[in-house]
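Quick one: the structure is below, and I'll ask about it shortly.
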């Protein structure tokens, strides 16, 4: 029974089916339980949460990653799967501490002040959730003050900043300054991204990492988490 | 007076005006006599054919050649000028023979048997004539026997063979072999051209030159003369 | 199921209906005055017997006849010429059905080039910075062989967008003579591709052998009639307005046998036709009509294609300029003329003036490929791999051409705009707008796999480099490595028994008994 549910969770993550209404990749799956229903059932049945995460979520994302490498899956497929994992993690989050499981990390993410562009930020959020991180999205056009407050309250491990315009990108420097002034700079790793942003700019303003796209961002966060130098 | 008519003649060569009806390049000479009329006038004024050739025709074609290399003139312009010079040479040729001045050389040109393509050959013929050669164009689909008999009778200095198809170019080999057998091979320089033909093929069959276009033909002929 | 090609719903038309009629009228005038010069006695006799004014022209050495073709002969021919032409194939799924009034385009290779271009990649090191290395393709020309023709047919068999095959190589092996060229040429094509095969005929004496070969493969003379897996193209008219002796003879013989044939005329604006559009159009139309008329007089109802290869002359050499914009204009005009007559049309695009693949080649061929395709010729000789006008063939270029033809075909699909679509998308919009993220990405997935999204450019490299040639070359090697669908051993053995002149090395089953 346990094994069955976990298998189904894995299968539905691979198919990117968040709820029973989702089509997935194969035909004829509409109506069958999606990841949401399956996780709820798993929690009700007392399935081991660590197992759900390792064999249901992580293992399936590895399979998805392979399909992406083989050009069998494209980005929209990865996003659907990542989204399914994200939803699963949200449902599991309240139970993690009780079971002695620490989430990989918490990330606050925002598009800086003056900038409305958020598709990139949204995609990164989904992928990070899919990679097992807790992601809190502050939104776009975020005031430096609000970001600083959020960092103080939520105590994230990472702060992600996004901008699409060269005119708004300069706010990233301002935010880092504000964190320093508020004694918060060393409490959080700052990663930046967005079309006009570059590695050089990230280094020049003292950010901890630069993500060229969603996958790159995830790789950078993972590198920082394991203590590796992301700017090598 | 003779300077005037010669410089007018040169100008008309440059403008490619064979007759009074030709527009020329910039229409500045429109309605005035063309090269044919001017050559006849010059002869009436007792200007020697040699002077006409040197001061008007050759020097005019040199200017045309320069304009072509700087891309001010294109082939249609060159052809018009060469055609005008060709017409002038038709008038002057009998007078040159009388005065024992030689033309640059006699050139027989043909498209080989089996091949009917002749645009390239026709262009080469016009340009060579304009360059001062005496050109006998014996046409298309010419059998080897006919070529041999023309070479024997006319005694040209040069024989030009053209073919567009790889299936007909082999005929050039036949012609050259036939020239050898008839004891005529060393009497004439053989130049070959056409889309199918190449330098290597010329070497293979023992032709004297491969010419990708009319200008290469003229250059090859100049080299033969210098040799 | 025959091949689909691509249906052009709104073909590009340069000429108004009035202009089309004017061209037709001018052509009819030309067919009467000056009329044509015919160097083939039989053809002159055929015209004379059918009421054309034919007069022997004396004094010019080679016998020839002046032929004035009256309008009623042309009208009769246009009526009897079939409006639908079927081009068969070894694999029936590769059949091409061409309807003269349906602008459904099929993409075909060709022509008979003298030079085959091999590609080699060399590494070059910068003189100023020895750590900088660059891989550069080098193109090496050589004379084409029958092995190259086999290679080309095989690769074109694998290229998705190729609907039919016109031989792309002039086989110049030392053991190829005028007497065996045609049989080996056709066999090389038929044995290495299951698509329709068209070619010119070098020697009329070989026609029977070639037809016999096709009959053996088709399964008999009746089967060949049903499934004409070979067809011919002849330039019976030499512009301006001359019927050539040997090709006219070939044309008539093929028409007698009822095999499909392209009436081809290739005037060059500026040299063998007037430089002005009205001139080359009136002339080429007259020339093609003359050819079609002759074909119908020889064998009423025989399938012909209105074949036009008009081209403008270059001003610096007076050679062909296939890359010139006018060449595309003339071809599009010819497509319209053929449609006016409701005959399937053979037009040309995609030929480059430049001798090697590269930027000029890409621009020249892409330009003409797009505009001429959109005018809707049924038989588009879009010259995969053809460079330096008709002189050079490069398989790498053919692979590159296939990629952009995928784009062109995709572009020409009709839009899915209908009630059902609107209902679906209005629902999507309402749903997405209600979410905080407001992204439509989730709805991509079902569409992505149903062929509704165009594939990415296949030769895109990573990073700031252009590796198109290297990637296309990899693809070429992949295609070459695929197995060849040869003719079965029994049929091959029979062909080699009954058809003289075939080179032993072309029999891949040798030793199979």
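For reference, chains read A, B and C in written order, and residue numbers begin at 1 within each chain.
FYI, a residue touches a chain if its C-beta (ideal position, glycine included) is under 8 Å from a C-beta of that chain, and two chains touch if they have at least 3 such contacts.
Note that this is a predicted model, so its numbers are computed, not measured.
Engineer: Identify the chains in contact with subunit A as well as subunit C, in label order.
Structural biologist: The shared contacts of subunit A and subunit C amount to nothing, since no chain touches both.
Engineer: Can you name the chain that lies farthest from subunit A, using the mean of each chain's Cα atoms as its centre?
Structural biologist: B
Engineer: From the mean C-alpha coordinate of subunit A to that of subunit C, what's the distance rounded to whole Å?
Structural biologist: Result: the chain centres lie 54 Å from each other.
Engineer: Indicate the whole-number Å distance between the mean C-alpha point of subunit A and the mean C-alpha point of subunit B.
Structural biologist: Going by mean C-alpha positions, subunit A sits 80 Å from subunit B.
Engineer: From the C-alpha centre of subunit B to that of subunit C, how far is it in Å?
Structural biologist: Here the centre of subunit C sits 38 Å away from the centre of subunit B.
Engineer: Find every residue in subunit C that makes contact with two or more other chains and list them.
Structural biologist: Nothing qualifies.
Engineer: Give the list of subunit C residues in touch with subunit B in this complex.
Structural biologist: Touching subunit B from subunit C are residues 61-62, 114, 170, 172, 178, 181, 202, 238, 244, 268, 270-272, 315-318, 391.
Engineer: Tell me, which parts of subunit C touch subunit A in their complex?
Structural biologist: Residues 437, 439, 441-442, 444-446, 448-449.
Engineer: Can you check the complex and tell me which residues of subunit B touch subunit C?
Structural biologist: Answer in residue numbers: 71, 74-76, 116, 119, 123, 139, 141, 166-167, 195-196, 213.
Engineer: Which subunit A residues qualify as touching subunit C in the complex?
Structural biologist: 16, 23, 25, 74, 76-77, 79-80, 83, 118-119, 122-123
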